[in-house]
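In the two complexes below, chain A is the common chain; its partner is chain B in one and chain C in the other.
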Partner chain A sequence: MSVLTALARAEAVESGRAQPLTTVRHTHVAERPLVLVPLALAGEAAAPLAAMVGTDRGDGRLLAVANPRDRTQRFQFVAQLAKIFLTYVEGCSRAVDATHTAKLRYAEAPQVLVPNRGGVEFIRLLGRSTRFRRTYGPHPVHRTVPLLGQWFTFLRERADHPGSAMLLAMTEVLGEHWATGQSGLEDANLAALLGWIDPPDGLDGAAAAELAEDPLRWPPAGPSTDPTFDNEILAPALSAYARAADPQAQSRAESALGGAIREQLEPTWGLMWRAVDLLRARPAGGSVEARWAIDRDVFTVYHMSLAEGTALPQPRRDSAVAAAGRLDRLEREQARYEAQRALDDPLVMAEFRLSGEAFTGTVVSASPNRVDTSGKKAALRPHITVQTEDPVRLEPGALLVSPARLSQQAMVVSVSSVDVVLELSKGMGRSTKQAPPGSVPEVGEVVTYGPVSDAYQPPGRFPSREDTPWTHGGPPPDYQPNDIDAAEDWS
Partner chain B sequence: MDALVDRLDRIRGTVAPRNHNARTIAALTTNPGCGRRGLMDAAGVNKGAVAGQLGFPAAFGQSRFAIARGNAFEAQVKADGAAELLQLLRERLGLAIPEVAYDDLSNVGGNASREVRYARTRSLLARAAAERDDAGTLFDHPMLRLDIAGYYAYLEPDLIAFRAGGRFHVVEIKSFAVIDGQADPGKAAAAAKQSAVYVLAMRELLGELGYPPESVSHNVVLVCPENFANRPTATLVDVRKQLTVLRRQLSRLTRLDKILDALPSGLSFDLAYDSDQNATRPPDELHKAVSEIDARYSPDCLGSCEMAFFCRDEAAGSTTALGRSIRDDLGGVESVSTVLGLARGTLTPGAGQEEIAGLLRVAHRLRRECLEGAV
Partner chain C sequence: MTVIDDILTDFGQAVGRGVVVDSPPGAGKSTLVVRAARTMAEAGERLMVVAQTNEQVDDLIDRLASAAPAIEIGRLSASTYVPAQRVAKHGSVTVSGAVSDVQTSAVVIGTAAKWATVTEGTWERAIVDEAYQMRSDMLLRVAGRFSRGLFVGDPGQLDPFSVVAVERWAGLSWDPMQSAVAVLLRHNPDLPVHRLPVSWRLPPSAAEVVSAAFYPFTPFEAGTRPADRSLEFSVRAIGGDARVEASLETARRTGWALHELPPRHTVRTDREAVAAIADLVVNLLRRGPIAYSEHAPEGRPVTADRVAVGAAHRDQVAAIRLALADTVAADVTVDTANRLQGREYDVTVILHPLSGRRDASAFHLEAGRLCVLASRHRHACIVVARAGIAELLDTHPSAEPVHLNVPVRFPDGWEANQAMLAHLSTVDA
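Entry: the complex of A and B
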């Protein structure tokens, strides 16, 4: 959060509509995303109650568990969900990216869209409670069940990677792109958030958001259900099913339950697709495709390793070294993602301009052929002077980069109250005497310089697994899936 | 004290007061500066009913599935004289507990008034504390009390207290799952906060009897289901930090007498129930009464206070309604229209606003520059 975002929220209050926080879309939206709206039974750790799932807005499959505490029915639900999900994943791996020849990369990757953070957590818990199951032994399950568990665990892990678009919480994606006139806490309600972004005719955002808080009109987007629905509709429907004496009564009760649950899920289902439309309507940022390519690479590798049986085990908890390495990767990805966003989007760059770390201005003078002879070898070091209104807070010596010339480095020579003098290096060809035309900004050109760069950052160095220091528990035992995990209670 | 009680009784009206519980006290400390909440809670006002009469009903229902699950788990842990709990305490936490008795304090010979129950809890705990050896008793449902802004709040915790190694320990039973050693951070934090309230209340009780604070351990025992099963697991939770926060927040609570002095003497939130239990108090009159006391709304209130929707409506157009961090980002400027006026340069900044006004003007220019080209 910053003054810029805060101001956008204030503008949203006044105008009654959410205000854009970006000029482009920073998240990839797949051609065929899999939308999943899950519901869980209140009070239980991970008891799925129902889900609406599918890749087509006109054809959401409703899955429901008539007795959420029954183990068999629960695994039937998981198997049904697994069938839909695994078909989807296989569909993504059918075509290969022909433009990429260095190594195999699928043309698509799965993109699972859930309404909110709770949906992401639901994926984690469902993955955790199914991935250790076995198709043989005391409690055999369908072979798709542990496979779904592995995929869900994989997706949940990917969701932590900044810029990854394989598993997304819709409220978070929307919140990155729009500022509403309500608090961040209230933005967690998908219906209210969309009420601000795209209010229905004749209503302003505040009024639409207030309507969206009525659970009768807009049931919660899951996985938690509305307590009143639980008490007044769900509980009687579940007990009617439990009481049903003959198959006829049972199927009647089941369809009544399905109807009640459908009413809870359908509004959110519609909202999810409306949100997809809103996101698609915005132009994609320059590096969105490159980030999606990374997702597709990771997907390709994991898909093939599962097929070959070489997929790494997914232990209950990471070992110390693995956890440290992962954190280091996430930090570097975060820095890279933020840099890419700023370079793709002037409004994100504006955050840096506001804090004085970046500036935009007009080139008022340039000496493109200035040669520095102070070193051993003469080098081309052009100077430019940029006039700016931005509140620049940079010290001489600071290194900057311009979104228009990513390969070129600029060093601050001096800063005055109206202009900044920069010395440029790199990105000007081989000549030491003359810069090629266009490689140095010309007088009159409007340029932006900021501190961010998506250049490669070397990974941190960590001991090998065998050399885990005693402070971190020493070398961890190898993780082997075992019978106890496979037969774990799920009540 | 009696004058204060009388005054609070008048404010509450003809209905019986509502009890505080650890959850309401923990919530109180998240917003200690809110006089409205402080007063209504101290007077035992049914805030949900008041909010409903004002036209802002609060949706604080609890699913019967969650309640049933919580009760079933608690009953399981406490069954057969808390056999499962004892086994956990011995095996998981390595506490040397001798053969024990189990004493339920929820009912005292049919007389369950708060004062009587408190007195009984006090005498039993006093006896246990006086024995040199551990008394070996699990006390279920003790009645405790805590001084909240100069007024005693009675606590009816769902907890067991026991003595081991010369110290009392508090056991809190919760039905959220601990999966692979990790629980939902929000729920775990809430549980730790509530336990801290109990520890504090027990320390006050024993303090009055002349025992030092250390006689109640700062390590509380949290009992939760493990992974996806119903099997309980126990974890020791150190609540020293929560205790410090709680003590500090309680001491910062706006003193009731100070709030009361500023209020008209006839103030009352009585809903004037008729013989059919329908509230007949005119909403606009009630609105006026409630508005006499200043609230300190923040979006966090939505999750913890029944009055929140009313206060949110009242706070519309203020930067606080957008969240405390936004308000801080905006340099504490109170109203949204002032923020926009300063940003657009149509308002002259007041004293102390020059810096934020400058920042807002730049922010405004940057947003226009970036968006007008693109939109």
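Entry: the complex of A and C
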């Protein structure tokens, strides 16, 4: 935990309310997000019990499995879920982004919101258990089932990409924007977290969070259910359904089960939409739109490749080359995301200022038309002197960027206890004699310089799959789809 | 040096794809690399050498060029690299960014990151230095350039890490987050693994402790006898904090000292701990320490460049540097465990990674972190910590998720921390 976060948490305890960690919202919130609150049956991996799903807070569809251990009913449930989800995805691909003409980009992309990390994991497991299923042969399923599996797998993989907003765990998004007065573990409880951020009238955050820990008032946000609910309500309801002798008794048992599950899901459903409102109330950071455009590009490509039947297979495990390539991409995206957050948000940049890697100050002198003639060609290299009270710990030669002038590079020339001298290059037009007005900070201007840059980093170079070296087991065998793809080691 | 001869024989053979050499701290790893490179080059074989940082590459070149001035050495480098003085002074070294310029050199040396950009040329043999610091995805990128490898490194040091936390590959034999050697050995379990059994850096007082705590199944010994190493102060203590003086005296006498501060939960940049470190370092230098060793039986003054301060986090390093800025200790090296890997000093002062913490996270428990910090010294190491670490460890047993198919790593960080602490608390104050 950084010093600023520790301070914000202490202030949250003192004031009884969560404190903002950022000045802007760093995550895109779609106009029509799909909220999904899944519940799983205890004791079995990825056995869906129920889900509440929808794009409208007044119209959450409740899906439930009367006998979660019955594989046929399980895939019927998945087919119902797939129908809702695929309709939503198709809705996102209806309009094309008219402002972007270089290549086709849909105007929207799916955004799935789940309550917590467990929900993200549930999507992974459900995707894995459905994407290898077949619509023919032994144990056939509806054609939408493997399709949903492919989409869920796609979403879960996107969720690993820093800055992507296609599949989000609500507790994590809120935790990036607010600091509460409770531990990280307690923050994973959506009801308690919202209790700190937006306590009901007359209560402070700590009291609201304590109330939220009562599973009768606020049932767990899934996918795990409350053990007392399991024992006292769910188990009798499931066995009532199993015992039902005639169709009438069966439908009575089914609706009793549905009612019980609805009571478990509805509070969380309401919390999810409240959290969406809280996020929407904050202004979006400068680069949020650009990151969402990347999501939309990725969505466009995947949607079209699925439609054309050219989508790449989604193996259960990455090969050596694929794993290394993916890690390289994730690391570059992580660096870029962190840089963009700092450049968009003075409160994030403050972390760098505290550690002496960045500073804010007033320009006290500037020589905008200074020309460096020491090299082969004369070049415009203005100097500015910035007076600052920040504890600067930079060495001469360090390269910095200002959020106000992203295309310009500043090199530290000298540092004293009161000011920093910077030499500027780039971002000043073509002239080698005179900098265009506004391109060099003027005397009196308040400027910030930090060590982050969101410049593009080229990808690493990796051998091809066929050239996997002996150190990594040599080239992997080619994949041939077959009937037992869906079988797991333990199934 | 029979071990080194064995290694060179194994590496020189035409069978087998590689040799792994595990080396505890200061066991002559660099000596081995230089000797292997020299033997290969003098036998007329073209050799590629992969190191992890520019610093390591420059050190290697300096040592190899000094030992064998006749060998043509090529240094592959990025376009922004400015040749260090210790590289530029050797006439036999060619520095270039393009592999075609150094094609004819007997030995071509570069960082792994630079080698990863090379697309042409293959070498029969390669030496990979500090292979335990290298991530396996980097090995994947360079392994196509050579057929046989000598992988040298210290298994007890910090594992490579990533800024992204993804569990996707846990359990895969080619997990890109694992070290190069771990992945290499999982795919080639029959490769010979050699161990260098003697530490020439650590004094007997430290070798025994570090070996037991961090190398429980592959013990090593000190190469020197207790009588070979000693530390004396040439100036008497005048005034000053009695506890600081007591810790310095204990460290001088026993090679270890635990400078304990009152228990307290603190932020990472604990002001009192930073002040205590500054006090210790400044007073140490004021006492005019002289180190007697097998290299300098007549004694050699311990100057600021022979002292280092180590910590776990960068903000702690920054705070300590600031505290030392305008003192006699301004030139003392202050750095994180990651950056201190492979370096050697006479005396070190370290801030215990768990000092003042409320929880013992995996980062702070990592055995390699404490191992690096506690094995940089030739004479003495002073550990600065808040009291209560033993209790902290007892309330935080390892609770990391266990993944299928992931080999268990030794030593366990929790256990290594307990072992170190148990030893430190027996050193009489």
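Here is the rule we go by: the second predicted complex is superposed on the first by the 485 of 491 C-alpha atoms of A that agree within 3 Å, B and C clash if a C-alpha of one lies under 4 Å from a C-alpha of the other, contacts with A are read in each partner's own complex, and residues count from 1 in each chain.
Everything that follows uses one rule, which is that contacts are C-beta pairs under 8 Å (C-beta built on N, C-alpha and C of every residue); 3 or more make two chains touch, one makes a residue touch a chain.
All of these numbers come straight from a predicted model, not from anything done at the bench.
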| item | value |
| --- | --- |
| Simultaneous placement of chain C and chain B on chain A, clash or fit | clash |
| Partner chain(s) touched by A:Val3 [first = chain B, second = chain C, both, neither] | both |
| Chain B versus chain C as contact partner of A:Glu331, first or second or both or neither | second |
| Chain A: partner with more touched residues, chain B or chain C | B |
| Chain B versus chain C as contact partner of A:Glu11, first or second or both or neither | first |
| Partner chain(s) touched by A:Gln182 [first = chain B, second = chain C, both, neither] | first |
| Partner chain in contact with A:Pro346 - chain B first, chain C second, else both or neither | first |
| Chain C clash site on chain B (candidates 201-209, 273-281, 291-299 or 327-335) | 327-335 |
| Those residues of chain A which chain B touches in one complex and chain C touches in the other | 2-3, 6, 317, 391 |
| Chain A residues within the chain C interface of the complex | 2-3, 6, 160, 162, 317-321, 323-324, 326-328, 330-331, 334-335, 355-356, 391, 393, 460-463, 467-473 |
| Chain C - residues contacting chain A, complex | 17, 116-117, 119, 136-137, 139-141, 143-144, 149, 162-164, 166, 168-169, 172-177, 180, 183-184, 187-188, 267-269, 314-315, 318, 321-322 |
| Touching residues (chain side chain B, partner chain A) in the complex | 59, 61-70, 175-177, 179-181, 225, 227-231, 299-300, 302-303, 316-317, 319, 321-323, 325-326, 329-330, 336-337, 339-340, 343, 356, 359-360, 362-367, 369-371, 373-375 |
| Chain A - residues contacting chain B, complex | 1-11, 13-14, 20, 23, 41-46, 125, 128-129, 181-186, 206, 215, 225-228, 230-231, 234-235, 316-317, 346-347, 350, 353-354, 360, 389-391, 488-491 |
